[in-house]
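All remarks here apply to the structure that follows.
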Amino acid sequence: MSDEVDSIRALTADIREFARERDWEKFHDPKSLLLALVGEVGELAELFQWVPADDAVAAFADPDRRQRAGEEVSDVLIYLLRLADVLDIDLPRAAHAKLVDSHRRFAADAVLGIAPKKE
Amino acid sequence: MSDEVDSIRALTADIREFARERDWEKFHDPKSLLLALVGEVGELAELFQWVPADDAVAAFADPDRRQRAGEEVSDVLIYLLRLADVLDIDLPRAAHAKLVDSHRRFAADAVLGIAPKKE
Amino acid sequence: MSDEVDSIRALTADIREFARERDWEKFHDPKSLLLALVGEVGELAELFQWVPADDAVAAFADPDRRQRAGEEVSDVLIYLLRLADVLDIDLPRAAHAKLVDSHRRFAADAVLGIAPKKE
Amino acid sequence: MSDEVDSIRALTADIREFARERDWEKFHDPKSLLLALVGEVGELAELFQWVPADDAVAAFADPDRRQRAGEEVSDVLIYLLRLADVLDIDLPRAAHAKLVDSHRRFAADAVLGIAPKKE
């Protein structure tokens, strides 16, 4: 495993190698990975479902709960990077391009304090 | 925006700054961010829902479809990093720890070619 | 289409017939239907994501927004009934059994006012 | 509990009474119910994630697996009906109207055997 814990590409390569070593690549078609991602999003949602919205940040300042949340967020991230990898998506570039595009679409002074509506 | 497109921390900081400049931090409580994440996962799922499982990788080798998939994966990533940030989760470390733990739980020779069951 | 709009079985039969008439049964394997369901859950989530939690019921008392929410809830329901149908699940009986089980597991006086934790 | 297991309205009333008896109505704002729904969709997704798409119907013909799937589909249904109820949505009518609308939008001979694209 890579020591560069902050690199999307290194983490992606580690996950790919993890799957390869276990001969799990055959399970990792995009639809299956998407369902696995949905499973992990569900586990994350369950942590928060009955917490009052205004208390959520404070409640998860508790070290055990933050640890649990961190594990579930990580599981979502791992399946997301794996999905991008099998689709041959250059995720660092794609995410950067998306942010650049958001800067263009949402000029700060035009949307100040206003939540954009999804059409 | 940072030039280090491959850094989880730099991307997280860029997203935080994007929200701050627009005074959108007030919308970014964990439950709202989770629902926004679910919205983006849904858009990603819609791209794949009727594609035959075995054709999915080939179908998304088409540049336009890969581009679309890359945008949706990026949207999921952006909300996931934002959620980790408001929860003060050190995601690079958490994800690395999760992978280390998976290496321990799933010894390669014990699970070779076998999809682990969710209990 | 059936006139018994309140019957789960009649609605399920209508949806089955709708798929059959269009030769869409070939698309309706369980994993594809699940991804379609996730897509509709995502659209529902997007309606609520930035609405303050305490205002959500009031905000959706507006006829247009309630109409929109009703459409998205219906889309989720339709894919859920279709999924149960292709899996040959007797959903009315299964849901009834689940409620009976919940009555047994959560005695009213033991959990009064307490949100049960997911393990 | 009602004996009319096939009635959406009766099931909705049973769920409402279940929540009322436990003083759980205070937890059932729309965003919390949506996250609970996402949690149950996640559990359903986990059952199918590594099953080959073509084997899914056959695999879940096994009585134990069908039972498990039935429980998870029921959990999704229960939260969906509860959500519709707190939003004061007349779900039987809304779902019927949605199907009528789909008949109009997707003429059988125009879409025969063709999966409609999400724009």
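Every chain is named by a letter (A, B, C and D) in the order it is written, and numbering of its residues begins at 1.
We adopt the following convention: contacts are C-beta pairs under 8 Å (C-beta built on N, C-alpha and C of every residue); 3 or more make two chains touch, one makes a residue touch a chain.
Remember, it's a predicted structure, so these values are computed and weren't measured experimentally.
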Which of B-D and C-D has more C-beta pairs touching across its chains: C-D
Where subunit B and subunit D are represented by their mean Cα positions, the distance between them in whole Å: 26
Centre distance in Å when subunit C and subunit D are each reduced to the mean of their C-alpha atoms: 2
Subunit D residues counted as touching two or more neighbouring chains: 27, 31-32, 34-35, 38-39, 41, 45-46, 48-50, 53-54, 115, 118
Topology of the chain contact graph, where touching chains are joined (line, ring, star, complete, other): complete
Parts of subunit D lying in touch with subunit A, wherever the complex brings them together: 27, 31-32, 35-36, 38-43, 45-46, 48-50, 53
Complex contact set, residues of subunit A against subunit B: 1, 5-9, 11, 14-15, 18, 21-24, 26-27, 29-32, 34, 37-39, 41, 44-45, 48, 51, 53-54, 56-57, 60-61, 66, 69-71, 73-78, 80, 83-84, 86-100, 102-103, 106, 108, 111-113, 115, 118
Contacting residues of subunit A [partner subunit C, same complex]: 31-32, 34-35, 38, 46-47, 49-50, 52-54, 115, 118
